[in-house]
Every structure is written in structure tokens, then in C-alpha cells.
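Shared chain: chain A. Partners: chain B in the first complex, chain C in the second.
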Partner chain A sequence: MDRNYSQDLLIAIERADRAGANAVIQAWAAGRDFRQVVPELLAPVLETFGKVWATGHGGVSLATGYVASKIAEDVLTRLLQEAKDSGSVLPVKGPVVLGNVEDDFHPLGRKMVAAFLRADGWDVRDLGVDVSAAEFVDTAEASGAKVIGASAMMYTTAKNVAKIRQEIDRRGLTGKLQLAVGGAVFKLRPELVADFGGDGTAASAVEASTLFETLRQRALTLDSPAGGLHP
Partner chain B sequence: MNSFERILATLQNQPTDRPPFFLNASLYGARLTGASLDDHYTQAALYAEGQMAIRDVFSPDLLTSPFLVPAIGEAFGSSRRDHPRQAPNISGFAAQSAEAMLKLPLPDVDSHPRLVYLRETIRILAAKYAGEVPIIGVLVSPLDIPPLVIGLEAWLDALLFEPAVAQALLDRLTPFFVALAEAMFSDGATAVALTANLANKDIVTPDVAHTLTLPCLRTALAELPGLVIFHHGGCPLVDQLVRFKGLPNVAAYVLDAGENLGAARQALGPGPVVMGNLNGPGLSDLQPGDVQALCDRAFAQRGEDRQFILSTCGADIQIDTPPECLAAITEAVCRAGGVEA
Partner chain C sequence: MIQEKQKLCLSCSIFRKEIEALQASGQLDLPVEFLNSMLHMVPAKLEARLQEALSSARLQDPEREVVMAYGDCCGHMDTFESEPGTARTEGINCCEIILGSEAYRKLRKEGAFFLMPELALAWRQIFVGQLGLLGPCAKTFMQEMHSRMIYLDTGLVPVPHAALQEASEFLGLPVEILPVSLDPLLASLRQAVQSAHRHD
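Right, the complex of A and B next:
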């Protein structure tokens, strides 16, 4: 009987079993092109895992999500090494900018999002903690990123998302540069996403890539001549 | 009844003149004194003045030392960032890994300036309110100290991937935690309040909780010479009370915002006091009438349960919260008890 690698990988992730997950991936890759591991195995499994995580009823702890991000990092590390060894280049979806908002010093969630985004092919420009609104937008403009991801854990710091919104609007980038927000406070109070000027959020770090793709497409549409933002 | 008698009666499941209540108003005291937050969080006498002002204006039944756990991180060498409108936060960690933290000296609870600051606030408040208002010393359990010193990511790395190192660090931190708590009791604290987030199933895996953090928590709490208030620390608690009930010396459990008080009692059984369930940071967005409704809902949930303290939970009450919203809580408990505010 053929082994159900997806099921085995999901079980390992849900058990926060990093070594077990890597063993499943290793077994899957035997005789296969490792570059297909993300689209054929990891991404679908993470999508399923993300849905369980997002419901909040699957017993998924922060640590389990963290281990999932480490597994994604492990895969990316191997992909990068293989690309380096073979002289090939990994496909890149495009640049995105990440950071914790001004006065926020809680990096874990942001780092997990960065790991999942990188594993899914995004060129992540991670600015770290306590990032000013100007630095977010400067980096997006310089890199050509269409999406900023701003993380905040608490209500008091989440208010600083509004400064990024204002900076985007002040520079005439409304719609052309989308603002994704995340962090514990937005999960607890989803209405704050709109209140502070966010364009969207994801229910878990795993789902960030889908959100960023949606926002990037929206930005491209709004930035096109038919999108109505050009004079 | 004064507040001390009221809280004592609540612990003993005896009737009170009105329901007791608590405001997490560590930050809010600065609003009443007009002190800068830099001074509020470094000068013990100024902080204590803030708590006295809170007592004078709103009459809560418990007062606290600063809700300032980053000060414990500072004592290990982490750096802090002050803020004009909120409590300071850790901005740089003292070490990069659990292994590196094992090599850091343990802070002296009698001489480190940040720990002396915390303790001095207790001494001042206890002297002022002896026999009148219980004073709560605020700290964190040994499990929650590493995130203040090496960050949560490095601590999870140890708990998940280097359990022997994590165990060694927990063993090293437990005596420090016990020494700090003992010092707070000797300063006059009636109880200590703490978090244990790294034993919460929303944060760690069941394996980490069962093999590392919960055993450490039990050991540490058993060594304390006084009562403990177990704070939810930002995570929902009700569906985990079965795991946490019966922890040594724990006399009360603070629930998360909106959690069902009746369900908590059902999970705990008779004995421990249930505290909650008002969203402290969220009060700034409410009108006094909304706050009144939340208080009424809490009283309806507690029913005939006398071992209940109406409390704000979550983080500090924000400094821009209208005082009328806090006064609404005072009025609610007085109305519930049929006494004058």
C-alpha cells in the first residue's frame, strides 16, 4: 500500500515533532525532485494545518505553530542548498516587507510568518521590531513590494498600525501598497483590522501566504490603468 | 467591613457587605498622580502614591506592586524601552539562548535596583494599609522568566528541542523565584500574583507542559510561604482549570476577559476564589453604561457563589480610560451589595 505522506506529515506537525516531520519529508523526496516538495507536499499539508489552527479548536498551541515554521525553514534551507549546489535559482513570488510596528517588541509571530512566506517563495524583507511607519513604506517603495505585513501583539501598540496607514495614504500609495496586519490582538478583536486601516489579516501564520497573494493581486489591479488610481 | 475583612471573608466563603473587586490599575495610578511614567516606574514612593490615589478614588479591595514584569528581565540584564503612555517593555535581551542564560548570575533580590523598586512599593503600601487593604506582589513564575531574558523564541527552542537545558534553567530559576516571592511576603505582601503561560496548552505542547513546566510550577509554588493568585496571562483559562486546580498555595484564579464565571466554578469545585472577567485594556473603548452591563453580567454568572472577586483581567487598564468607566465598576459592586458608593 502506498504511504500517505501528507497524512503522516500532518500528524508529525500536529505533534510538534520536527524530527518526525523531516523524516517524512526525507522519505517523500526519495526518488523525487526535492523542488516539488513545497507545492506537492508541504504547502497542501500546511494549508490543512492552518485551517485547524485558525479554528482555535484543534488543540494547536503556539509552540506547535512554531515547530511548523521551523519545519518550513528546514525545507527552505535544503532547497537553498540544493539550488546553490546546482547553480539554479529558486522561483520568487516577489518582495514583501515585514516588521513589528513601532513600540512592539514581540517578534515571534512575525518570524513565524516570515518562515512560512519564505518557504512559499516570497522574498521577505524583515525589518525586525519597533519599526517606524516611514521605514515600512520606504522599504516597500525601494524594493517594489506591494504588501507590507505589520505585526502587533497588544492593543496599545496595534494603534501604531494607523501610522503606517497614514504614511501609505500620505504618499499617494493607497491601494497600490496593501497593508496586512497580524498579531494576537487582531485575532481577539478582528474589528481592529479595519479600525486601524489594515487591508486584511490571516487567522494563523500559515495562512499569511494566501493573504499576501490576495493583497498583491489587489494592489496590482488597483495600480493598473483600469484600476482607477492613476490620474 | 474593610477591604481586608471583605477579602478574608471571600476566601473563607463567608458573606460580605458587598462583592469585593479589583482593578489592574498599576499604570492608571500615574494618571491620577500626574507623574511621568519614567518616574512612576522607577520611584517606589511615586508609584505607591498612585495606588493610594486609586484607592481613594475607586475603593478597590486589593492594591498591587507594579504590573511590571519587564523589571525582572532587567534584573537579569535585559534592556527596557520606556513609553509615555504605557508600561515599559523589554527592548533587548540579556542573552540569546537558554544555555547562555544558564551562565548569567542570578539577581540579588535584596540589592538589585529594579527588584528593590518592586519590593519598596510593597513596603510602603503595606505600612499604609496594614489590616485595611491586602497588598499583592506581582511577579512571574519561573517558567515565564526566560522570555524576559532570552525571548520567547529562544525559550521555545530550549523547551522543544533541548529539554535537558530547559530543565537545568528551570532548576536554576526556581530558587530565585522563591527568594523574590519570599522577599515580597516579608515586605508585607498578602499574596503574590503570577502568570504561568509556559504551562498553558495554548502556548506549549502537552508534552512540554507535563514533563517540564507544570512539574516546575508545582515545585516552585509549594515552596512559597503564602497565598498565590494565578493569573491567566493573556490566555483563556476556563477550559484548563482542571489541569491547574489544586496547585500548591493557589487561592484564586484570574480568568480571561468574558470567560464564564459559573463554568470556572464548576471546573474548580469549591474552595478557590474566582476572579474576572472584565477586559481591563478594553475599558477605554466603553461607556460607563457598557461597563455597568458587563458587571451585571458577571454578577449574574457568579450567582450565589460568594468566592468571587469582580476583577479586570488582561493587561493594565489603559491610561486614557475615562475615570467614569472605573467608577462604574465601583458603583456596580456597591449596588450589588446594597451599600453606598
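Right, the complex of A and C next:
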């Protein structure tokens, strides 16, 4: 009987077993083109995992979310190495800027988002913790990023998302530069996304790439000469 | 004659020894009800328990001024604070309240992971039991985000050297012991008492 790699990988992630998960991926890759590991194995498994995670971590510990992001990193490392060895270039979706807002020192969620975005082809400019609104927008302008991802864990620090919103608007970039927000407080209180000026959020780190793609498309539409008046 | 309003402090048990020491020394004259610090592991439970404690306090005496000795520990802490006669100690979390803002920010920027005395003894329950961190995953996890652990020694219980050594080995981070004064906590509590009074 054929091995169910997807199921085996999901089980390894749910057990927070990084080595076991990498062994499943290695076994899957035997005789296959490793470049297909993301679309054919990792992405569908992470999608399933993300749905469980998004429903409130039902049985999903912090460790399993973390391990899932490390597996994405491991896959990306191998993809980059193979591309380097073969002289090829991995497709890149475009630059995005990530960081924890001013006064926020909780990097875990941001690091997980960065790992999933990179594995999905984004060029992530990760600014770290305690990032000022000006730094976010400066980096976005310099890199040509259409989306900023701002992370905040608590209400106290989430209020600083509003400073990024003000900075974007002050520079006349409203709509052209989209603001994704995430962190525990936004999950608990989704109304804060709009209250603090965010353009969107994702239910889990795994779903960040889909959100960023949606926001990037919106920014491109609003930045086009037609200004989004035509489909 | 104007009668002074009754006061109550709802505090995380993480501050139990420290607040009891301030009461015993006569520096803090405030009745305190402690809630279990492990409620933090499920913020929704902490929020429900805090709401219950606040409602109960107001039911007994609608005029009572309530001080919450907490950081921004659950999703609606700001809603609780906005109730008339209610105020919270200033600080994002218990470590900032104990250390004071300046010292906390400096050490946090350096990558410090803080251990309060009560949590130092429960480290395995938290990291393994609650967070699910096991084996090499625990070390990678901590080393990726922190440079060292700092035990905040308030001087009220013996430093748990053995537990700290175990945690240090398991989590792969060096540990240092930082003696801390109770002055920032006392100042924060006094400030909150004043704010609750003004907030009426």
C-alpha cells in the first residue's frame, strides 16, 4: 500500500517532532523533484494544520506551531541549496516588510509568519522587535514592498499599529501600501484590526501568505493608473 | 463627614510574597485578593476569572475602588480598567511592574527572558506541560528568541538554585540572578490606588 505522506507529516507536526517531519519529507522526496515539495506536500499539510490551529489551537500547542514553522524553514533551506547547486533561481513573489510594533518584544508569532512567507516565495525584510512606524514605512518604500506585516501581542502595544497607519497615510501611500496585522490580541478582538487601521489579518501564521497575496493585489490595483475602477 | 471609599486589590498570585511583605512592613495598606498566576496559560480563563472577581467586588460594594495588580495580561484588560473606580498597575507584564519600565525595556532589548520567583519553581510545568516544548525543540525555541534567563530575586524566598540550573540546561540558556527592590511595585500600586480614586 502506498504511504500516506501527508498524514504522516501532519502527525509529526502535531507531535512537535521536527526530526520526524523532516524524515517524512526526505522519504517523499526520494525519486521526486524536491521543488515540488511545497505545492504537493508541505502546503496542503500546512493548510490542514492551519485550519486546526485557527479554530483556537484545539490540541495544537505553541510548540507544534513553532515546529511547523521550523519545518517550513528546513524545506526552504534545502530548496535554496538545490537552487544554488544547480545555478537556478527560486521564483520570488515580491518584497514584504515584517516587524513587531514599537514597544512589542514578542517575536515568536512574527518569526513563524516570516518562515511561512519565505517558504512560499516571499522576499521577507524582517526588522525584528520594537520597530518604529517610520522604520516600517521607510523599509517598505526602499524595498518596493506593497505590504507591511505588523505584529503585536497585547492591547497596549497593538495601539502602536495606529502609528504605522498614520505614517502610511501621512506619506500619501494610503491603499498603495497595505497594512497586515497579527498577534494574540487581534485574534481575540478582531474589531481592533480596523480600529487601529489595519487592512487585514490572518487566522494563523500558516494563512499569512494568502493574506499577503490578497493585500498585494489590492495595493497593485489601487496603485494602477485606473485606480481600481476596472476589474 | 465624607466617608472614605473601601478599596480592594485584585492581584496575580505572582506578587503574593511581595505584596504580603509590603503589607507586613506597613508600606501598603490595602486588602488584596490573589488569583492563581497559572490562569495566564489560558488568557480567556484569566479574563473570565477577573471579570468574576470584579463583579463580585462591585456586588458587595458598588462604590469600592478596585486596583488590579496585573500587566496587560488578557484581551480586555483595557475594558476592565475603563470601569469607574478601577485602575491597573502600570506595565505590560509582571516583570515590567517589578523592574520598572526603564530597566525592563533595557534588559528585554538585550534578549532577556525573565523568571519571577513563583514561576521559576513551575518552569517545567509551563514549558513542557503547557507549551509542549520537549527535547531539542525547547533549546532551539528559547535560543532563537532570548540571550539569557534572568531570575528576579525579590529577596523573600531562597533562590531556587537547583530549579534554575535544571531550567538553564533544559532550555539552553545561561541564567543570572538579579536582586530587585520592591520599590517599583510599591510605586505602581500606589499610583494605581490614586488613579482608581480619580477615576470615580
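Assume the second predicted complex is superposed on the first by the 226 of 231 C-alpha atoms of A that agree within 3 Å, B and C clash if a C-alpha of one lies under 4 Å from a C-alpha of the other, contacts with A are read in each partner's own complex, and residues count from 1 in each chain.
We take it that a residue touches a chain if its C-beta (ideal position, glycine included) is under 8 Å from a C-beta of that chain, and two chains touch if they have at least 3 such contacts.
Note that the coordinates shown come from a computational prediction; the quantities given were computed from them, not determined experimentally.
After superposition onto chain A, the modelled positions of chain B and chain C overlap sterically.
Touch criterion not met for A:30: it reaches neither chain B nor chain C.
After overlaying the two complexes on the shared chain, residue contacts for A:89 are found with neither chain B nor chain C.
After overlaying the two complexes on the shared chain, residue contacts for A:156 are found with chain B and with chain C alike.
With the shared chain A as the reference for superposition, chain C clashes with chain B in the stretch 276-284, and the other listed options (6-14, 240-248 or 276-284) are free of clashes. Touched by chain B in one complex and by chain C in the other are residues 16, 18, 61-64, 66-67, 103, 105, 107-108, 111, 129-130, 154-156, 184 of chain A. Residue ranges of chain B in contact with chain A, taken from their complex: 81, 83, 85-86, 89-91, 151-153, 156, 159-161, 201-205, 207-208, 234, 281-282, 315, 318.
Taken together, the chain A residues at the contact with chain C in this complex read 16, 18, 61-64, 66-67, 70, 103, 105, 107-108, 111, 129-130, 154-157, 184-185, 188-189. Note for the complex: chain C touches chain A at residues 43-44, 71-72, 75-78, 92, 105, 108-109, 130-134, 136-137, 140-141, 144-145. Partner chain B is touched in their complex by these residues of chain A: 15-16, 18, 59, 61-64, 66-67, 103, 105-108, 111, 129-130, 154-156, 184.
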